[in-house]
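Two complexes follow with subunit A in common, the first pairing it with subunit B and the second with subunit C.
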Partner chain A sequence: MSYNALLVLSGTMLLGASCGLMGVFLTLRRQVLLSDVISHAALPGVAMAFLLGLWLAPEKAGTLPWLVGGSMFASGVAVLICFALQQVKPLWGEAAFGIPLGGFLALGVVFFSIIQQVPSGNAAGLEGLLFGRAAALSSTDVLLLGGLAGIVVIVCLLLRKELLLIAFDREFAIAQGLPVALLDMLLTGMTAAICVLALPMVGFLLVVALMVTPAAAARFWSDRLGLMIPVSVMLGMVSAGLGTLISGQLEYVPTGPAIVLCATMFFAISVCFGWSHGVVYQWWSRRLLKQEQLLDDLLRSTYEEFEAATAKLHSPTMAPAETGQQDLNQQSLDKRLSGVHPWAGAPEEFWLHQEVCFPKSIPTKDLSLLKQNAVNRGCLRIDSAGQWRMTELGWQKAKAVVLRHRLLELYLIEHAEFPPAQGDRTADLLEHALGPHTVDELKILLRIDFGQGVIRSPHPLEATSIREVSP
Partner chain B sequence: MNAENSPPDSPLVIHDMTVAYGRKPVLWNIDYVSPSRKLIAIVGPNGAGKSTLLKAALGLIPRQNGEALFFGQPYQKVRQKVAYVPQRSSVDWDFPISALEVAAMGCYGRMGWFRPVNRDAKNTALAALEQVGLGDVARRQIGQLSGGQQQRVFLARALAQDADLYLMDEPFAAVDATTEQSIVAMLQALRDRGKTTIVVHHDLQTVSEYFDEVLLLNLRLIAAGAVSEVLTPQNLKATYGGQLSILDAVGQRMSARQSVTS
Partner chain C sequence: MELLTQILQALSTWCLIDTWMVVMAALVAMACAIPGSFLVLRRQSLLADGVSHAALPGVVVAFLLSGLLPAGSGWSVVILLAGAAVSGILASVLIEQLQKLRTIHADTALGIVFTTLFAVGLLLLRTLADRIHLDPACIVFGNLEVAVVETFAGTSLPIGVVVALVTLVLNLTCLSLFYKELLISTFDTVFAESIGIAASRVQLLLAVLVAVTIVGAFQTVGSLLVLGMLVIPPATARLLTYHFPSMILLSMGIGLFSAVMGHVLAISLVGPLLASIGVDGIEAVSTSGMMVLVASGCLLLALLLSPEYGALSRLGQQMRTQMRIAEEDLLAVLYRLEEAGRQVSTKDLASLVAESTGQPAWRIWAASRQLIRRGAMSYEDQHYVLTEIGRQGGRQIVRAHRLWETFLAQRLGLRPEQWHDNASRAEHYISSELRHELSNDLMRPDQDPQGRQIPPES
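Up next is the complex of A and B:
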């Protein structure tokens, strides 16, 4: 890569980064349309500067400083017109921006048609301003554009706190004595400057996209400005770099579209996978959460089976008073216990009866996923006889899950005055949201001291009459 | 009472202030000298100009006439000693900013230009959030907080400013009874530390319970002073009763006539 190509590349990357930075402020202030006005007003500015240059200094017409100066002037006028129109009563915000935008664009097209008639007009290379042609920039051009962009970026970073404040809470900023109108003007001026500086690179039709897209993409990665700004800057920089390289390889592709396509691709990735608001990421984490909940349910139902079986074996002659519902549930109980056979006492040797332990409510497809998940997490294993068995780790987890459920259930019954049956169902819904911190709080609140054991279920579990089980 | 011969340390002195929205006057000739180290309520019916009084005193909306002095000086000179808590509504709740960062804004005035938010400011902000009971949600994005919590974040921002006079616009709007109690306790603690607080309040029932002083307002200042002296049936009738309709009608007619002549 030649020195000039390297310089152009670093220049466009710097401009891309500054576009990403300004874009954050633009989107936060909901002023996207403003950058549209700025870039479209640059068109007649450029044309006028060219014509003026032809008249005043023919040999310099069409050089970058002339064109940048002309477009900055025209953009500044357009912004002032917009702000003035906003003060006029029956106009509403969007119209105050949209109408000057259209007017300046039309003016620009008319001027360009005139330039086409001028003998030297075609050779001026003004077409590059439509879609950008980074490769055509000379090293002095790059130094000029990059230097100006660098100044804007430094000012912006220095004033970050103040600019943030006027974007977030204007009234408070005024009360704090910040010169809000001045800062507004400064920020708009800097936006205009970056917009115009990026024109030779991306072209006036697409410069808005390079400002807004990285910032919008960055919002999917973070809820914090402190992270959003670097992400947006980086996306702008990488898009600009990649786009310049692509258009350098395929010479017939203008730089602007190549850069904006890269930025759009990053945006699409962010919308899907951004870890703050990305839709695919959120869908995936919800799915993982669901799996987690199903695993918890599985562990709990298994534990309760084990509890019931222990009770049956250890106290085969139960007092009828303690098992009021025994008759009612006798049938299902027998069925359950048949599944528990043969069982010799140690929990690892307790095998899971398919029909009873695995939740019935979930589809077969999800069930196999659940089993796989349980095996992967070391909670279940398949023994040599092909039976599902709980592992040591599985028992540990199951105990915690059961404890959590019963604590919550007790809490609902004792403190929220739920009827016992409803307490169980509500606890089913809420228990997955409890963190270890809340569980500890519940223990203290319910004044239960039970060491490592598990408390008895508050509602009658069939055949359960034990206070504590410690496998 | 004139601004000139009032005690120089009075937190807020309003002298002959008149405010108009467009052509319609909303506050007429307000004269008020606030005592210091008190909890003061501004009470009046809807549209009485309660919020306007605070905003106009701070210069957030233009005054037609009159002046407001804070600790004997214009607001521009003593901004750091005055903290204003606006009604909870004017900000973008999707803004990527945490409760802690909002509270830290209270320290901006002390920090000066160009400086980044430092550890000191963050600690002050965190302490303020803890004071309003939001220590454990400090890192949350503000949109994820409940309405009452959002209101308290803005209180914390005012606390972080460590001002001597607090002006609060309906801090009890949209908060539950528990939050209201905790905010009142906080305000009383501020008073016991020698601060003055002026609160726009719309619930007459709780005025005597929460506040030391009250300011009855309905387009004009009806009465101001200690709660027990001011909350009389006559004053309340003057504030909430019917005779104001005449003042209101005059205002309407004035605005109509001006729009014809201008």
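Up next is the complex of A and C:
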């Protein structure tokens, strides 16, 4: 690789990185569309600078400093027009953005059709600006673009705190006494500058992609800005470098599309595998959550089956199944709680030797995974006869789950005034979301202190699927 | 004068091709006005930009397919439009799916999807460059001059005219079929949802219409410039009217006008204009570019002249208000002089009013002309004399002034030096009802805090 090629590569990587940096601010401030306007408006600027160059200094027409200057000027005017049009009532918001965009493009097209007819007008250098041609850049061009981009990046890093503040919370920034209008202008100006500087590399139609895509991709990796910015900068840098290399190898591939497609590839990867919001991550965590819930359901239903069956066995009069609905509603809260676990003394070996009965509500396709999961977590075991049994650990867990459910149910009935039947069903839905902290809160709220025990179910339980228990 | 003859000379070479170009451009411009009106009202003007980029791969593939057909066949038109519709749907669906992730905003999703599709299109174009005769710059910026030469085999009817006509008819058909849905969903999404019009369906319909329109237009104005025709005429029409059907008609009219004027100016104006500053050899500039520029000119005029939003009309309103204030000041001064039993010559009066109100002399002069014309005062023997109408007007202003001073003194407890200036400003904005209320609230005073009489209402 020649010195020049290396220089061009490093220049494009620096530009890509700075695009990634500005993109974070741009997406945070929801000004993506502004960058669209900025980059498109550069077209007449370029053409105008070329024509002016032909007139004033024919030998320098079409060189980069002229074109960059022209496009900066035109982009600035377009942004001002945008902001001015926002003030006209029916055109506020996005409606105002399309107008300078269309108008400036048209102006550019007219200028270009003039350039094509000017005898001395060699528009070859301009073609690169349309679709990007990094390889055509000379080393002085790269130094110019890279130097300017470097200045913007340094300013951005120096004012990091202030810029982030106005991007996140303008009102607070105003209250802090920051010169918000000035910072706004500075940020917009720097965005415009980076847009324009990246033009020769990706072409004016695709600059938006290099600004937006890495920043959006970074969003899938982290919610924290401290991480989002480096990720975005890195993705921008790598896409720019990779795209330049590819288009250098393949003759017919312009740099712009190559870079953009690289960026999109990284974006797609981030959407899939990003460990903050990626699709795969979300799918996986949802799956884990579902397994957790199914295990909870299994443990609870098993516990309740045994509870109902043994209660009947030991003292038929105490069986919750026989305390009717009527009776339940008339009992006071204290009375309901006073019967804390009447059969708490029953030997735990008893439970542990009962065969686990998988409730029918669990779909068969989840069942084998659920069994595997339960065994892995040490909640269930298979005994020598091939029967499913609870383990000690499983039993402790089941108690906690049942307690959680009943506390929530009680809370819903006592404090949210749910009818008892509905309380049970709603608690089914909500219980999985309760953390240990919330369970403690509930205990305090319901004034229950019973150590490790489990409270009685607020609604009658029936042993439906389980057979007669023989001790 | 020389310029004018040159322009006329350029126009005298008008031929059949020019006519076809204007017809084609006009059809495209009118077709654009229909989806464009909805885009402007829904504040989605950049959706058009997005779809216009995204349509590129569709166009390229469709072009590739239609290359397999015999040249000049009508089917190529159908394939092109279908390709556009497919890419429009693809872009809309992708954007919607990305938004469903909830991690990125709508505009970011738009930016990512359209640039990617555009990059794919460019890449296809370059890779297949030797198989299809499509110039990227031509697709992006349009080339009416070339498009008009491609005709149906054996006729002089350009293919592009038929494409544009089909687009226009398609747009009109969709507009009449789904008028209610489009309109309701545009103005009140919540209500639309409640009566069963799904916002996402309407959005998809609009995206497809935009995509089809863009492809119908890409030979004429190019896939990017079409954005200008989609947005600028409807925005202009919106500035001029509230009524939706007239907005669509008006924007179609503006589109038509821009097409005709755009071509006329492109072939006649720019060349001679540039020649006059010493740049020779420019014959005609891009018609599509000029067309959008003419539309932009219309928008600029609307921004200046629109009855409600125009800068000039607002200026006029301001001037009318200032004039009213000057007239009222003059009447009040005359009333006070009459009250004091004094008479002042016109010259002294002007300087008196200028001194006490700060009004410039020309405005006082204009106000006095106006008052005489309206019969509020008359000119007699070097003096201005109030007529009964004028006396009534002056009395009301003075009454407002003194009531307000009383109010400031009694209710707000302002110091005496704060009374006069404040009341001089407020007197022009106190209506007769307000005077009545003020008077009642202050227990119908007949003297202001400085002891001057508060005149009765009439």
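Throughout what follows, the second predicted complex is superposed on the first by the 283 of 471 C-alpha atoms of A that agree within 3 Å, B and C clash if a C-alpha of one lies under 4 Å from a C-alpha of the other, contacts with A are read in each partner's own complex, and residues count from 1 in each chain.
By definition in this document, a contact is a pair of C-beta atoms (placed from the backbone, for glycine too) under 8 Å apart; a residue touches a chain by one contact, two chains touch by 3 or more.
Note that the structure is predicted; figures quoted are calculated from it, not measured.
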Touched partner set for A:Arg219, first subunit B, second subunit C, both or neither: both
Subunit B versus subunit C as contact partner of A:Leu446, first or second or both or neither: neither
Subunit B versus subunit C as contact partner of A:Met234, first or second or both or neither: neither
Partner chain(s) touched by A:Met185 [first = subunit B, second = subunit C, both, neither]: neither
Touching partner for A:Lys161 - first (subunit B), second (subunit C), both, neither: first
Subunit B versus subunit C as contact partner of A:Glu171, first or second or both or neither: first
Comparison of subunit B and subunit C by subunit A residues contacted: C
Subunit B versus subunit C as contact partner of A:Ala95, first or second or both or neither: second
Partner chain in contact with A:Ala5 - subunit B first, subunit C second, else both or neither: neither
Those residues of subunit A which subunit B touches in one complex and subunit C touches in the other: 30, 219
Complex contacts: residues of subunit C adjacent to subunit A: 39-40, 43-46, 48-49, 53, 98, 101-105, 107-112, 115-116, 118-120, 122-123, 126-127, 129, 136-137, 140-142, 222, 224-225, 227-232, 235, 238-239, 266, 270, 274, 279, 281-286, 288-293, 295-296, 299, 303, 309
Touching residues on subunit B, where the partner in the complex is subunit A: 58, 60, 76, 79, 84, 86, 90-92, 95-98, 101-102, 105, 108-109, 111, 113-117, 141, 157
In the complex with subunit C, residue positions of subunit A that touch it: 27, 30, 32-33, 35-36, 40, 88-99, 101-103, 105-110, 112-114, 117-119, 127, 130-131, 205-206, 208-209, 211-213, 215-216, 219-220, 252-254, 256-258, 260-261, 264, 267, 271, 277, 279
Residues of subunit A touching subunit B in the complex: 28, 30, 158-162, 164-165, 167-172, 174-177, 219, 222-225, 228
